[in-house]
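Look for chain A in each of the two complexes below; its partner is chain B in the first and chain C in the second.
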Partner chain A sequence: MANPKLAVWKFASCDGCQLTLLDCEDELLEIAGRVDIAEFLEASSGRSGGPYDVSLVEGSVTTAHDAQRIQEIRANSKVLITIGACATAGGIQSLRNFADVAEFTRQVYAHPDYISTLATATPISDHVKVDFELRGCPINKRQLIELISATLAGRTPHVPKTSQCTECKAHGTVCVLVAHGTPCLGPVTQAGCGNLCPSHGRGCYGCFGPKEAPNPESLSARLAELGETPRQIRDLYRSFNAAAPDFSRESQRHD
Partner chain B sequence: MTEKIIQVDALARVEGEGALYVKLNGDVLEKCEFRIFEPPRFFEAFLQGRDYHEAPDITSRICGICPIAYIASSSQAMEQALGIEITPEIHALRRALYCGEWIQSHTLHAAMLHAPDFLGLDSAMDIARDAPDLVRKALRLKKLGNTLMEVIGGRAVHPVNTRVGGFYTAPPRAAIEALLPELDWGAQAARELALDFARFDFPDDEGDYHFVSLTHPEVYPIIEGRIGSSRGLDIAPAEWEAHFVEEHVARSNALHGHMRDGSAYLTGPLARYALNFARLSPTAQQTARDCGLGEVVTNPFKSILVRMVEVQYAVEEAARILRGYTPPAPAFVEAAAPRAGTGHGATEAPRGLCYHSYRLDGEGRIVEARIVPPTSQNQPQIEADLARVVQANLALNDGALKLRCEQTIRNYDPCISCATHFLKLTVDRG
Partner chain C sequence: MTRAPLHLPDPTLLLAALLAEGIRVIGPAPVQGAIAYEPLDRPEDLPKGLSDSQSPGHYRLAETAPGRWFDYVVGPQSWKKWLFPARQKLWSAERTADGFELGQPDEPWPRTAFFGVRPCEIAAMEIQDRVFDNGSFTDPGYARRRAGTLIVSVNCARAAETCFCASTATGPRAEAGYDLALTELATGTGLLLEIGSDEGARIAATLALAPATPAQIAEAKATSAATARAQTRAMPEAIAGTLKANPEHPQWEDVAARCLGCANCTLACPTCFCTDVEDVTDLSGDHAERWRSWDSCFSIDFTYVHGGAVRRSGKSRYRQWMTHKLSAWHDQFGSSGCTGCGRCIAWCPVGIDIVAEAHALSAPDPSLPAPAPHEEA
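So, the complex of A and B:
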């Protein structure tokens, strides 16, 4: 049986999530032996063309050309999986969604007429059907390997949708919010990074996006009691997953 | 006269989305463009109004391959604006962390993105079929760089443990000591890879470069020193604006960097090496000599060797810093109080000089941000290299010439994702 054809695509992003695939140093050659890499421009100039069994998509849609391109990729892919916060929620560049992008362009470019961009940065799922979304800014290497293994085996990846708090408890990390009064998005953020920020003594800043059915109103009330201003609370939700609906709504409540 | 067009719509083995376009009329080169069509992300616009302490985490997202460059340059700029003096111990740890980025980024580029060009292959995975040990060695070395970033920075891509003033938590001594045996292995591995790559058949090419990089009297510069050049420039990072400009051209979503007189310059490994060879370790210098390199390298195709010499140096330097490591206490220096002011930061990203400046208001919020990445500075020089290489290789057939052009761009390890986001702020909203 021929190896499944894998494609890796980039939209507006920092390249960090596709880099995470190359950062699987111990597994990379084995993965490369199990798939036919048909498109992975960052790593290979070989391009064998579609249709593709699995497409991994990094980045968000920010231009009319990219809005068209994702349609073509979807039409040529049996399974389409988004990797990272840009592709699943719009990424940091979705901060433009809360501003006037024409004004942004006028401010920052000497020749705004050279620039072709959409008013919003949107997740891939706003444009096409997505079969699975891997969270994170960036994605976690272990979750990526689980995703690839599961997809090759034809099963659903095991990726928990619980909160960061469960990771802290599992790792025995002291709660920075309770013990030190440090603002932390852990209670409303999906687990998966590997318990990074609280274990380094800082609050979670939400790079894995909202957990399933979060309660940000309750968290914001506690943050206000700790002395955070409405602007600080707004900006806490307004970063790498700013356009994720649960974070976007909560940030606008404090705007 | 016959017209010939060499066009590559989507460059492979570079970070981000770019294309090249060369138009020849007979033997006359009419047009030569390195286009960046990576969509703009407006970092400098949306940084306005954010708190100073958010800049390192936000700007790290400009590039997943060199996040430390953005974290370090923005932290440095904020520290200057706020009057924070970091301790020598924090400085050393930040330098060791940055060594990790040099190791992983350079090894990724040299072994996985650049080496296939010299072997006529599509990717490192193809190299692994004939030379699995070489690729495994490179992967292990790259992993060492990532491990340094994980142990000191908390994560390899977009580290979480760094902050303005230092680190959230000092890495425990045991975790640092556990790195030392692999660092000892890594210095030798980098040397071996450099010598392996030195056997490649390098095209004849010489650029007449104006090299620009940080310079320092005592150490090979990473996060310290003044901005110097091969034509006598010697300025503090704060004087950047007086000497460099960025221009917005129609064909590119990245700004083109020039000297004030309009001339191109080159930043990156070749520039650092040429201006600071004497500050490399004797062992790294020896590797350079054994690779047949002089103290100045002007053949851009040999940048792959200079990168591996820098990897060897970075591994040795990390080991030097971390041997006898004592966790810095405190792990960070806090600002006395937010204050209005301007700060500048300049550090050596793997691809070259990464300059940041920020103006803050009295509450420590960003009023204006300016970020100049290496690839946008190198863009005019990349086009000049392309023109030179095309003129010198008109006898090649179309396929070979096209490949040579692609390779000319890959000599720079261009980070297009970085280059795109740098948009000069022309309106003061303060």
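So, the complex of A and C:
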């Protein structure tokens, strides 16, 4: 049986999630041996063309050209998986969704008339059907390998949608919100990062986006009791997953 | 060997005796601003002069009189972290030419002592014993760890604001379930050492301690009684029946609006035992493993069956947790699942208080007509 054809695509993003694939060091050769990489410009300039068995898509849609390109990729892919906060929620660039893009370009570029961009940064799932979304800014290497292993084996990947708190408790990390009063998005954020920030005494920044059925209103009320201002609360939700609907609604409630 | 109480001038003498026997001692250690249970390698590792301040959604480790050993009470972790680890490999399998070969994980458990176990924590272990080793089912790893562990308990001389063990009859003094039990006496006057097993007696004998005086024994009892009186929360006695009779009480909606569904209460709870079992394969497909990890009735996938989850609302998930813990647990295991330790209160990020909820749920449901006076209950 021929190896499945894998393509890795980039939209508006920093390339960090694709780099997570290259960062799989110990497993990289095995992955390369189990798939035919048909498109992965971060790793190779070779391109063998579609159709593709599996497409991994990084980045959000921020231009009219990209909005067209994702349709073509979808049409040429049996399975389309989005990787990272840009692709699953719009990414940090979705801050533009809460502001005036024309004003941004005037402030930043010497020749704003050269810039052709959409008014919003949107997740891939706003444009095409997505078969699986792998969260994170960036994605977690262990989850990526699990996703690839599961996809190759034809099983569902084990990627829990529970809170970051479950990782803190499993790791024995003391709750920074309860024990230190540190603002933390852990109780409304999906697990998966490997408990990075709380295990270093920092509050969760919400890199993996909203957990299943989150209750940010209740968390915000507690953060306000702890002395956070409405603006600080708004800004907590407004980062890598700012445009994820649950976080977007909560940040706008504090505008 | 004598079982009469002894006077222990300093708890590090006992810790040193255990360590000298080559026993791995796990005990209280300040970690990330809270008391955790970690290996104590040297007698001087036992913390001193620490207390805590706890309230709903709030915990702070604090300094107290420098001579006090055990004025802090329970922290975020419980001993279940050791007896029932968060993640365990159940087995692995390697593909062979004509099938697969199973491998059993190696789970070493050196001779261990838990040092500083609180009475509510002894109660929690006894509750988990009925889950993991109950006559009809035995988890062999759990049973081996439990049997290979000495219990050195500490009766509480102080209650936190979140403690309510007096109302659940699980503390603040342990009557059984320990090998050795300590009660701290007035600052600087040592501890009462009570003996609960032959192994405890043997270890105590190595210390050549003086018998406790009647005054010291009376002081220890009075300390426990004062700790019980100091508790400000009490679980309603009739809560098991109340919850069974009130599945549609409006308070469930009220608490669901505040509940984050984050699962902290269940993971901090010393008796919650629910797990997820996950099969993983590697990239080659030639190696598979089965892992068991802590799960929670607050996760939606916990009740996932073909077509979706059974408990879809936050209300139904909170109700499941509390009703199982305080009511259905009696039917299943012959006791409440709550030991009054207060961890679910302190470690809830938004400070949901199970005792306050229990009282609110005990108030009549205003949406129901009041029962007619002549009706039997």
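FYI, the second predicted complex is superposed on the first by the 255 of 255 C-alpha atoms of A that agree within 3 Å, B and C clash if a C-alpha of one lies under 4 Å from a C-alpha of the other, contacts with A are read in each partner's own complex, and residues count from 1 in each chain.
We take it that a contact is a pair of C-beta atoms (placed from the backbone, for glycine too) under 8 Å apart; a residue touches a chain by one contact, two chains touch by 3 or more.
Computed from a prediction, not measured in an experiment: that's the story for all the values here.
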- Message: Quick check on the superposition: with chain A as the shared anchor, is it clash or fit for chain B versus chain C?
- Response: fit
- Query: Where does A:2 make contact in the superposed view: on chain B (first), on chain C (second), on both, or on neither?
  - Reply: neither
- chain A residues touched - chain C or chain B, whichever exceeds: B
- Vertex chain A angle, Cα centres of chain C and chain B, expressed to the nearest 10 degrees: 110
- Tell me which partner A:235 touches in the superposition: chain B (first), chain C (second), both or neither. first
- Please work out whether A:201 is in contact with chain B alone, chain C alone, both, or neither, and reply first, second, both or neither. both
- Query: Is A:174 in contact with chain B, with chain C, with both, or with neither (first, second, both, neither)?
  - Reply: second
- Query: Of the two partner chains, chain B (first) and chain C (second), which one does A:187 touch, if any: first, second, both, or neither?
  - Reply: second
- Touched partner set for A:30, first chain B, second chain C, both or neither: second
- Please work out how little space separates the C-alpha atoms of chain B and chain C at their nearest point after superposition, in whole Å. 10
- Once the two structures are superposed, pull the chain A residues common to the chain B and chain C interfaces. 201
- Query: Once bound in the complex, which stretches of chain A touch chain C?
  - Reply: 27, 30-31, 34, 145-146, 148-150, 152-153, 155, 158, 160-163, 165-166, 169-175, 177-180, 184, 186-188, 201, 211-215, 218-219, 221-222
- Which residues, counting only chain A, touch chain B once they are in their complex? 10-20, 22-23, 25-26, 28-29, 32, 37, 40-47, 62-63, 66, 91-93, 95-96, 99, 101, 104-111, 114-115, 117, 121, 137-138, 193, 196-197, 200-202, 205, 207, 232, 235, 239-240
- Touching residues (chain side chain C, partner chain A) in the complex: 31-34, 36, 57-61, 76-77, 81, 86-87, 257-264, 267-268, 276, 278, 280-285, 293-294, 296, 298-301, 314, 346-351
- Item | Residue numbers on chain B that touch chain A, as the complex places them | 10-17, 38-46, 50-51, 54, 57-58, 61-65, 67, 104, 108, 112-113, 116, 122-126, 128, 132, 135-136, 139-140, 142-143, 146, 154-158, 160-161, 163, 168-169, 247-250, 253, 406, 417, 423-427, 429
